[in-house]
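We just call them A, B, C and D in the order they show up, numbering each chain from 1.
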Amino acid sequence: MTKRLLQGSEAVAEAAIAAGCRFFAGYPMLPFTELLEQMASKLPAAGGVCINAASEIEGINMALGAAATGARAATGSCGQGLALMQEAIAELALNELPLVIFNMARGQQDYFQATRGGGWGDYRTITLAPKDVTEAVDHTQLLFHLADLHRTPVILYGDYVIAHSSVAVDVRPLAFPPTPPKVWALDGSMTGSGRARQIWTWAQGKPNTPGPGPNRAWQTIAEKYDHIAGIEARHEVAHADDADILLVSFGTTGVFVDRVVEELRAEGLRVGAFRPVTLWPFPGAALEAASRGCSHVLVYELNGGQMVDDVRMYAADRSVVRSIGGVSQDGSGMRQGALLDAAVLRRRVLDAVGLTEGAR
Amino acid sequence: MNEREVLFTGIGGQGLQMVSKALGMAALADGREVLLVPRYGGMMRGGKTNAELTIGDPPLRALPVVTAAWSAFVMHQAFWETIRPNLRSGAVVVVNSSLFHLDVDVDEARSFRVPATDIAAELGSPMSAGFVLLGAFLAITGLAPVGAAVDAMRQLVPPYRTQHVTNNERAIEAGVAAGPALAAPAWSDLEGVR
Amino acid sequence: MTPRLISAFKPSLLQSSEHDLCPGCGHAPAWRITLDVVAELDLKPVVLAGHGCYTQLMVNSDVDSLQTLHGRAPAAATGVKRMLPDTPVITLQGDGDMVSEGLHEVLHAAARGERITALLFNNGVFGDTGGHMTATTVVGQRTKTSLDGRDAEQHGYPIDVGRLLAQIDGAAYVARGAVSSAGLVARTKRMIRRALELQLEGAGFTFVEVLTMCPTGWFVGTPQGPEYLEESMIATFGIGELKAPSAP
Amino acid sequence: MTTILTRGTVRIDVESCKGCDLCIAACRPGVLHMTTDRFNQRGYRYPELSAGCTGCDACAQVCPDFVFEVWKFEEPVDLPPGLVPDAAVHRTVAAFKDDNH
């Protein structure tokens, strides 16, 4: 496969189809709209269905239905649209239904929404935050695997850089180990057999096949998420072994951190970088290890301070954790603003550690 | 660090997004790495339509925010101020002089004025002004091969607009003729610009 | 030979005529006649706007306005009108906002007979996302999510929300106009005036749909906008009063 | 010298126009024509008025950019054929805003 210049939304759509996605429903809302456009034009040719839903709530409930038949399905929007989808995301989690949800967000202010969730009950959503289009292509395929493996809704946390920018990318299908057969999938075949199946968050079951009931079902699902937390955390770390200053960021901010770390190390500053790749499960153990011995753990996220809570929870020394990001949107409100800039980050790092430009 | 940045600006309806992608695809065909980040708002026709393109040898170290660009591709003056501050001194600025009447106040700028809209109108295809300026830009900078840009254009024109392909091709050729050849070469004067 | 002013550049309630709507957009003339009627009837309304290209017109309009969530204007308007029964209440939505996202809300507001005037600027496409299919995109109409034209087999049929609302007892006035010609603009202005008068009389839920041009979203040149509107939307939905109280 | 009976006139805010042409078809007496080689500050062609206007207000009703101010004469006047000189109003958008206190 040769590299092609693809817009992120097109690359992600091809990756989803390569991963076996055969149902997609969504409602236009920038910067997610382009992914809906790409699915509308590419999915039918791959034998799939793409529906231009009449609302976000309708879209995710269509996808929930498709998932209940065992099909690999997906939906998406930006943070505002995902707010409408929260009830259905909880329902998917407590129905143990797999679904991939693309949040092509309008910035970084949806971290809590993705990691704490706004639905009902004990559930979490595995969330991957790629730092560029190339990583988004791999994450998309990984998410379809994880959703089926753990029977859970999962989220790709993208933004306008992921959705709109074009890069030379090679969307090659990735291989994953097989996932358990979907015996639970509904297709009508068990009707009249006396052992017909039901998918319902109350898990009552039927006369001949009684279910665990809400209490035990929800306990089991809560334990499942604890299990997932232990095995699915992912992160990227650089120069932590000798770092005195650790910069922590997520998503597309990561490429700016990498540039500034490279510059400051060349100037003799012992700086390292830590980037949670899964926002949930948060890579707490890895952060604790990377932050041990650091005199400064600086969190650079473009919101009012959300991931900093998790960093404080796991950092080796909570007292050295500081947020150096902030709310930053451009005029349209559709994308990050002036803080997304290497020169700004560099200045804030130097200020935070009490150094001025050129003082060293 | 062998990378060149191009900041595009124009108004909706000038085909700027397609032209910026054609240039990116031509560079990719020429063996270079590419990062293209569009910036457009809600209003389509007449609204702001910008793009930031970085071309260089792999691995590309460009960031999705360009703050000191090597060159500018200016189709209209309406949103010139949104890119001017992000041009480095000595930048190569190629403007569509039919719809850009301001002075290029970038220090030591090497600016080139090409009446792309008028040329396109004379060809009988006013919509292809973007490709006229692309031809001129490639002639002046040699940033990517003209032939590869023509191939890219053919792939990019949507099925419901193939009637424009021949016009766009003639527009690129007319642009090449209008641009002083290698007056600001992209790849040979590596030191000249710092 | 002193000339008499017939119409000023802009309605008195429009504070600035500078806006980012595309060339040839039908929303602006539709909003112009609305503001003209409000001024002529000397009303002091609360306007509730949904999300679409028209949203920016609220920023320029000298009327008290509440920006509502996508599709939820009729619900919010219920709350406003129930608290201020003597205040005229107008909702402004596009087809994406009302017929796609918020069909549930407008039908129930009508069924409750809420004494509001709901305006629908219908151009059959999501303008501000760049031209995507909505619930009123007509069969055969090309959009970014129906590139080969809306095909009933795959995308289903458009919803004629006017016809639905006309069946609902709580609705007192349901009409549909357009802005594709000066004559239709004048006729639509009379419909908006009638709807607001009926609201003030407490006759019940009043509704005016205005078919508007979106040349950008329809992939047509601006001069072809009116003709395309007539051949696609007027041909599908028709113009006129679908429900009106018998003449007093 | 032939003259044209003219019952009204319009003032045209040239800089606000986005060149959409809708007023041309709407003008009942057909006295509005787009420029062909002149553009406003935003690069758009704009309408020009010839003698014969009736003050019918059709142009203002269809215009999406509020470009027309329409006047009617008490008594019809005879104007030489061709462009009505003082119709075009080259108002900068900023100047326009000042009108709105």
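Methods note: a residue touches a chain if its C-beta (ideal position, glycine included) is under 8 Å from a C-beta of that chain, and two chains touch if they have at least 3 such contacts.
As the structure is a prediction and not an experimental result, all values here were calculated from the model.
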Chains joined by the largest number of C-beta pairs are C-D
In whole angstrom, what separates the CA-based centres of subunit C and subunit D? 28
For the pair subunit A and subunit B, the C-alpha centroid-to-centroid distance in angstrom is 35
Inter-chain centre distance, subunit B versus subunit C - centres from mean C-alpha coordinates, in Å: 40
Measuring from the mean C-alpha position of subunit A to the mean C-alpha position of subunit D, what distance in angstrom results? 55
Got the subunit C residues that touch at least 2 other chains? 21-23, 130, 147, 215
Contacts with two or more other chains occur in subunit D at residues 18, 44
Two or more other chains touching the same residue: where does that happen in subunit B? 41-42, 45-46
Overall pattern in which the protein chains touch one another (line/ring/star/complete/other): other
Pairwise touch list, complete, is A-B, A-C, B-C, B-D, C-D
Quick one: in the complex, what on subunit D touches subunit C? 8-9, 11, 13, 16, 18-22, 24-26, 28, 44, 55-75, 77, 93, 96-97, 100
Touching subunit A in the complex, subunit C uses residues 71, 96, 99-103, 126, 129-130, 132-133, 135, 144-147, 154-155
Which of the residues in subunit A end up touching subunit B in this complex? 3-5, 30, 161, 164-168, 252, 255-256, 259, 332, 335, 340-343
Listed in rising order, the residues of subunit A that touch subunit C in the complex are 27-30, 33, 36-37, 40-41, 44, 52, 54-55
Residue ranges of subunit B touching subunit A (in the complex, touch as defined): 21, 24-25, 28, 33-39, 41-42, 61, 63-65, 67
